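Next, two complexes with subunit A in common: one pairs it with subunit B, the other with subunit C.
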Partner chain A sequence: MKRKGLLFYIKLYCKILSQDLKSKMSYRADFIISTIGMIFTNIAGFVSFWIMFRNFSSINGWGYHEMLFLYGFSLVSLTPAQCFFDNNWSLRNYVYTGDFIKYCFRPINLFFYYQSEVFDVKGLGQLAFGLGTVIYSWIKLGLGFTPLMVLKMTVFLLTASLVMIALQTAAAATCFWINNSFYVLDLAYKFRDYAKYPITIFSPVFRTIFTFIIPIAFISYYPSLVILRPDEVPLLSWLSPVFGIAFFYIAYRIWMFGALKYNGTGS
Partner chain B sequence: MAPVIDIKNITKEFKVLNRREGLAGSIKDLFSRDYKIVKAVDNITMSIGQGEIVGYLGPNGAGKSTTIKMMTGVLEPTSGEILVNGKLPYRNRSKNAQNIGVVFGQRSQLWWALPLVESFKLLKDIYQISDEQYDGMMKLYQSLVDIEPLLHKPVRQMSLGQRTLSDILAAFLHDPKIVFLDEPTIGLDVSMKAKIRTLIHALNKEKNTTVILTTHDMGDVDALCRRIVIIDKGRMLYDNDISHLKGFFGSYRTLKIRVDGDLSKESAVIAKEFPEFKVSADDEWISLLVDEEKSTIMDVFTGLQKKRRISDMQLEEISTEDVIRKIYEEGVK
Partner chain C sequence: MKLKKYISLTRAGILESLQFRLSMLVLCAGNLLYLIVIYFLWKAIYASSGQDSVNGMTFHDTLIYLVLATSLFNFMEMYTVWQMGRGIQSGSIVLELLKPMQYKTYMFWSYSGNFVVNFFTTFLPTFIVVCIVTKGAVPLGMNLLYFVIAVVMAVIINYNIDFFVGTICMYTESIWGINIMKQVIVLLLSGATIPIAFFPETIRRIVYYLPFQSIYNAPLTILLNGDPDIKDVAVTLGTQLIWVVVTMVISKLFWKISLPQITVNGG
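Up next, the complex of A and B:
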């Protein structure tokens, strides 16, 4: 048996993905309706954002376009969690009914095998929406355009998305220990709404919580600062890629720990 | 030859909370440390060779699944030693998975939305099956079952029988040394059951794969297994050839007679005449389970005939099902 390295998993994922997309295209109505649903969800979110800004011209020193940038940044960085890790939402059902055991017999990484099963196309709509918002506010803010900035943006977006993936994965993994883990997952999902605001609007207690315990500040606020306020970047912003990777690794370990001690139900 | 599965004195214990009744009870349970230890598998030893088909039987909750989970590496035994292909399955779960195949009758492991052939191709990548081996397997499959109509059908559109068949084919695809089949014929119609048994038998012959079969259908056992292992309440009750089993409780045969009049009344009378045998009646027949070490069938028949007119009679060998049921109900003395 050959060693199964990163390349093996990337190739395998592409094959699973292309098969999955092929079969999804055959359910066109389902595809269209869920895409429309996603568009409306995003429009609704945007409208409430816009209404708020008709009443306040700035929040804690953050202007309309800066807030818009933050908003778009969070949408984009949430996309990978939505697209590639959506099967986390079904985990508690698989665990509760005992079906999870079927994932335990393959000679590949369990976490990979489980997550690779579902790719959520809806996330792509969100990605388009988020990218549009970021580009629009980027132009309005006159941030300039250099290859270095694009590189920075890419790196910080990717590592920011690891934070959301970590949050979702850790929350989903709680189902290995508790029965009704839906609330935990739902809570984690709702927290991402706070990611759209600069963390400075919260009290110091929440600021600490949102930085180190439920690290939503790394989904958008800290990494955006690198682009938005290049003159006053705090240390935590520069460290956000490290935090992203660290949080993801911890969440992955928690998930695997739960999965490997899984007993299954009787049959 | 070294055994492919070697189990020595394995035990698996689970900690179970002693639950109290009612709402107040469940609130107390929240803070309770009152656990009891349940032995799901208790000191089992067995050794299985390459190419054997072993029927692994036991009533519901006997500990079959727990044993299988330990052999597949999902569970770690509390004590004892278990070697599968010479390795500890729990420590080498991924390596172990390469050499085993698993089918759960109720839970398909195939990609739900994909046509079968695409699932096969993904499995080919996952198990790193060479092209020659893959083509060889597909040829073998084509010679055994009519696989063509299945290949391009998404798994979710298949009937339960087709799905089980596909799952079995998928489990054998990487030519594993051992295949675990957990109730493969559950919920299937008679002809599908026969098809699946033939397939399992042929694959075992062709590839010399060891098959561990758990089932509640004695038809599977009769068709496939030479050796059976029976466990109950975690303990091993029987591990031997199936041919031994029938003589296990002495030699039993069932004598069936038909008489005029009300069968159930008549059977009650007969039960009094032959208190040592089990007597039962259905719409057509009165059945006596005769232990031939106590008296011969002919003696019993003569005794019956003296007191009543027998219009018809039948003699049945005891079935595997009857023996197993007796073992489940009475245990081994």
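Up next, the complex of A and C:
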């Protein structure tokens, strides 16, 4: 099979995307309610954050606005997983019913084709919410503003987003081996709530676990240090793009391994 | 033999959920992980605040409260909204409506087996772990009895709210959005994410007039009070009882009004 270029895939993605949006628009009420639901989730997250800081002025040397920055950063970096990889949630059903086989017969990358089929619009609300939070805390902290910082921010955000994508993809892929993998995916989904806390609050053992095994520290903590505390950036922060890509690659391999050994249900 | 039909539904539920042993394991692991995150987070918060008790709650109180709130949540989560929503969308609800038992009663009892299983697999282990971690900060006395009564009523209130929300699905044909809204509101306003004691005064007063705090806050407050004043307990349980009746009547009425609305596309 001839390898297809990046341009081909981008064009294809746009085509599939527009189809998906059209079909979503035919369920308008569901779309609106889901979007409101997503906004609700974000507001509730913020309210609990606010209530916590009303009672305590700092956590482990992290002030209100610094924590807010971490929180906003995590929201933004979680958005791509929400928007582009939402089809992972249906994988279990496709595999179970045997419908997954239809994806196996296309002359394009299986993983790409499967994930491109659904674009979750309601993730955009989260993106806006997260960006607002980051910008607000950025101004309040007086971090300064240079093109280099924006570049750094973009690179680190993009690579940080790969971590959640990796976790979700790997969790979804478990359905190739076990039944009822919903709980695994749900567990991975809950990790996102833990990403907004500075990793320094944990004991060394769990710090290692949350860095290398369940890499939630790379979703927000390590990458945002580069902007937040530029004087004392640990090596792991600079390496976080590498880790993001590595985790994503591993998850992709696991997913593909499961998908390629899939042989349908015979119906 | 009126009771027999209920018991047989419970039995079927137990057998069904025992089929999914792996998912139970994952659920347990997820609980444990949450316990760890909460432990370190609040430990850091209390360490930074420099006080032993904030808003009348010590570190151990908060820990017990939050961890047990989560395991109560896992214990009580019945996915009613999903089941009803899917039943309405696919049309399979018709089969359940034909059963010689009221739909609402049937749904409750067919899920009751999971209560039994969840109690032994999630709640009890978490409870024991919490007792050990906090070195016996959970008072063991008459409050346990009151706690059990409060939990039973909490389950009923929670189910009624779920059933009410599930009925809304008949009109909207949206499940995810409706369910997430319900979940967010219930978790925040019931004090499951942050103890209600930490809420600002005005919000706290409003929250006490809502049914949600009867689900998590009421049983947990009773549990944490080792030397209960009989009057306080009576007020809490009485409030719960009122909400049991009110939510039951409302959800039943709403279901009755909505039932003619149901449109099943084939099936």
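Brief remarks follow.
Definition applied: the second predicted complex is superposed on the first by the 262 of 267 C-alpha atoms of A that agree within 3 Å, B and C clash if a C-alpha of one lies under 4 Å from a C-alpha of the other, contacts with A are read in each partner's own complex, and residues count from 1 in each chain.
Going forward, a residue touches a chain if its C-beta (ideal position, glycine included) is under 8 Å from a C-beta of that chain, and two chains touch if they have at least 3 such contacts.
If you're wondering where the values come from, they're calculated on a predicted model, not measured in any experiment.
Using the contact criterion defined above for the overlaid structures, shared-chain residue A:S48 touches subunit C, although it does not reach subunit B. Comparing subunit B with subunit C, the partner in contact with more residues of subunit A is C.
After overlaying the two complexes on the shared chain, residue contacts for A:R229 are found with neither subunit B nor subunit C.
Once the two complexes are laid over each other on the shared chain, residue contacts for A:I178 go to subunit C alone; subunit B is not touched.
Using the contact criterion defined above for the overlaid structures, shared-chain residue A:Q19 touches subunit B, although it does not reach subunit C. Touching of subunit A by both subunit B and subunit C, each in its own complex, is seen for no residue at all. Touching subunit C in their complex are the following residues of subunit A: 27, 29-30, 32-38, 40-41, 44, 47-48, 51-52, 54-61, 178-180, 182-184, 186-187, 190, 194, 197, 201-203, 206, 214. Subunit B makes touch with subunit A in their complex at residues 14, 60-61, 65, 69, 72-75, 93-95, 97-98, 100, 102, 104, 106-109, 111, 113-114, 118, 121-122, 125-128, 154, 182-183. Residues 20, 22-23, 26-27, 29-30, 33-34, 36-37, 40-41, 43-45, 47-49, 54-55, 172-174, 176-181, 184-185, 187-188, 193-194, 198-200 of subunit C touch subunit A in their complex. Within the complex formed with subunit B, the residues of subunit A that make contact are 1-2, 11-12, 15-16, 19-20, 23-24, 98-99, 101-102, 104-108, 117, 260, 262-264, 266-267.
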